[in-house]
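If you scroll down you'll find the structure; I have some questions about it.
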Amino acid sequence: MTRLNLALLLLIGCIAALPLFGGPYALRLGTIACMYAILALSWNVVGGFAGYPSFATAAFFGFGAYTTGVLLNDGLSLTLSIMATLAASFLLAGLLGVVLLRLRGHYFAIASLSLVEVLRELVNNATDLTGGGMGLNIPLASGSGILADATFFFYAMWGLLLATALMVIAVSMSRLGFGLACIRQNETASDMVGLNSTLYKSVAFGLSACFVGAAGGLYAAWVHYIDPSDVFDILYSVKPIVMALMGGLGSPLGVVSGAFLYLGLEEVVWRNYIQIHSGVLGVLIVMLLLFLPRGLISLRWSMLWRKAKHV
Amino acid sequence: MLVAQVLINALVLGCLYACIAIGFSLVWGVLNVINLIHGSFIVLGAYLAWGIYQSLAIPPWYVLVVAAPLFFILGYLLQRLLLNRVISAPVLVTLTLTFGLDLILNNAMIYFFKADYRKLTLSPPIGSISLFDVVVPVDRLIATAAALALTGVLYLVLRRSRVGRAIVAVRLDRDAAVLMGVDVKSIYAIAFGLGAALAGCAGVLMALIFPISPLTSSTFLGKAFVVCVLGGLGSVSGALAGGLLLALVEGVGSVAIGPSHATTLSFVLLIVFLIVRPQGLLGRKGFE
Amino acid sequence: MSEILRLDAVSKRFSGLQALRDVTLCINKGEVLGLIGPNGAGKTTLVNTVCGVTPASSGRVTFMGKDITAIKTYQAARLGLSRTFQIVQPFAEFTALDNVAAAALFSQRGESVKSAREEARAHLAFVGLDAQAGQSAATLTLAMRKRLELAKALAMKPKLLFLDEVNAGLNSAEVERATKLIHQLAADGITIVMIEHLMKVVLNVCTRIAVLHDGQLIADGQPRDVIKNPAVVEAYLGQQYAQRSAGRG
């Protein structure tokens, strides 16, 4: 395991101590931080490792939110609902991947973006199942008290983050990760050396979706009410990309750092400039892309060492 | 006759869709940039038309004369100063950049104009025309005629003027254009400016027909996307073909399966085309 | 001699352009076949068609008795069909070692990243790139990249190897070095099909020559006979060459 990956696990480990220091606000922030990190890490598998610029994150987040929401409403336990959502998201993404990943560059980006729209509309129209535009109420899944609720969900999201990180590290060290790196650099050559790129890409897409779906499910259980435009929000597709770009594309540690940093900025902006917060987000994105296209991690390394930042 | 009405509606709407999409298609085809600010440009154009009508009672079709140069300059500067820096970056970067810019513009519009829906109602109202059993509101008809005129102007510019030929050359083969002495940076800025101008003008026309609010920018953008993929990039005929096809599918779909599903249908169609025929009805293959 | 690859009336059409017309060709095990012809004749298309990159529009391709007409590229690679590209296609960020390891890893069963890297070293040594093993492919010279391409092709343990203009862009010293490597491969029993414009190399290495012109096979046989074939002279070699080689006897 590389040093960077160890650092990542260490970082995640440190966060586990958060409930010891903070009250409900810190817990809420921590839960969102973990959620953002999950989204960014997952996106990195298909966007950073495989090099396919996916804008579909919101689609799977929403899918996961609704799958879990519906299952919880049917009386299934939270654990089982999340596991079922994980499996369903993986399968859905895998199948969609076979079809969508044939596209390259711009066309893939647009197709993945359209997926968000299509799923949102489908959910909107399936009123009997999902409550449609009126939203879905989700029963309380855990015990009593606000603090207990908050702590529970923090640890649940944290646990999911740990699982995501372990998955990502495992992929980066495996044959799958090696293959994805090949695909990213030269897909034609990858085919020529005997790599079944369709299979690898679909698995990557599936992996990039399953924890996102599970996170969506936890989110739904946490907030107790979701509606289509809330969870199928394009921002859930764009923010992970910005986080990845901020922290350093391709590097799991970079991506997670980017996620935490982004959340920090977002909180500061939201609390102080609520009316123009999306404008400020826009300015942040523009500045980032114009002046720091390789992310924070490139800044540090190029100053101290001269090493490659890819895992 | 229902069929005739649906067809005429589709024809009118199709031209409007083409007008919405043509600027977007030009920028995508020539600069290889998916301009996510496009929808907000359209809304801004609509606000311009609305504002001028409210204060000076000048109807939108005259506003076009003012809107075109204003938006051209806006687009030109935006490209020259900002977008040009990332012009050869991967699609991820340019897409996210224009997304960020759109957030800024959209937020600014909400801040200054508020998100409430406005409607530009002409007074005195100009009613509709009724031919056989088909009814067409006159404001739509005027907007359609103006839209066709705009696309016609663009067509002539691309075909006849030096700048237009240079733009087409860059679209067909950038490197060859450079070798022929074309100042590509300048062409990019001009093309983007043209795209912005077309968007602004489309917005002015849309003010006649649709309600105006910053919240509608993503709807316009979505339509532009679908039209481009269906019809093919970078050409006027492609935008027309795509616009007509989309309007037809929506019209027929509305009647067959209900209007709420029509939007979903258009996006499903988008995905189908991306998979089966990514170059669109009239586009050239091999364009990423 | 046993037949390893057979093309039966293979045609390939690219909407409007007939790239291959009814090509019937048979390659035997252990042969070194030179595939020559003017630019645009369809030589690379033929390789692409056999390897599954652009599957045939009609006709049949059989490899070691198996029908591979509709095969996918990665499957062809795993069956033992290997090729180099005219315009080299390395994994630019990877080191030379990882480039070759990738080929070993994905085309062979039962390999791990570790074992693939070990094998890669041997192949790099064979083409003389062991000193560059840790360098990224993007920093190698063209000649080195061509050799890297060859090392990758070999790491796939091919039964049939297509070499697509390995010598393009190389100076004469580099060409000689490449030719030596090819001789060595032929001696090791790999069947080779070479697309080549340098007649000197073709006559030096090949046991047989096939000539493509406008998508059609216009000659196929022993080198000394083919270069005298009037159709071949007309289409490709030119009168001057024919006269010079006739003079040499």
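Per-chain residue numbering starts at 1, and chain names A, B and C are given in the order in which the chains are listed.
The rule we apply is simple: a residue touches a chain if its C-beta (ideal position, glycine included) is under 8 Å from a C-beta of that chain, and two chains touch if they have at least 3 such contacts.
Chain labels with UniProt names: A = Amino acid/amide ABC transporter membrane protein 2, HAAT family; B = Amino acid/amide ABC transporter membrane protein 1, HAAT family; C = Amino acid/amide ABC transporter ATP-binding protein 1, HAAT family.
Fair warning: this is a prediction, and the values are worked out from it, not measured in the lab.
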Problem - Shortest path length from chain B to chain C (each step joins two touching chains) - result: 2
Handout entry: Per-chain Cα centre nearest the global Cα centre, belonging to chain
Key = A
Exercise for the section: Could you see whether A-B or A-C has the larger number of C-beta contact pairs? Expected result: A-B
Exercise for the section: Please work out the Cα centroid separation of chain B and chain C, and write it as a whole number of Å. Expected result: 49
Handout entry: Centre distance in Å when chain A and chain B are each reduced to the mean of their C-alpha atoms
Key = 32
Fill in the blank from the handout: Rounded to the nearest Å, the gap separating the Cα centres of chain A and chain C is 44
Problem - Complex contact set, residues of chain B against chain A - result: 28, 32, 34, 82, 85-86, 89-93, 95-97, 99-108, 111, 218, 222, 225, 229, 260-261, 263-264, 267-268, 270-271, 274-275, 278, 288
Fill in the blank from the handout: As the complex stands, chain A meets chain C at residues 174-175, 178-179, 181-182, 185-186, 188-197, 308, 310
Problem - Interface residues, chain C side, partner chain A - complex - result: 51, 53, 72-74, 77-78, 83, 85, 89-94, 98, 102-103, 105-108, 112-113, 152, 156
Fill in the blank from the handout: Residue positions on chain A within touch of chain B in the complex are 47, 53, 55, 99-100, 102-107, 109-111, 114-115, 117-118, 121-122, 124-125, 234, 238, 241-242, 245, 275-279, 281-286, 289-290, 293
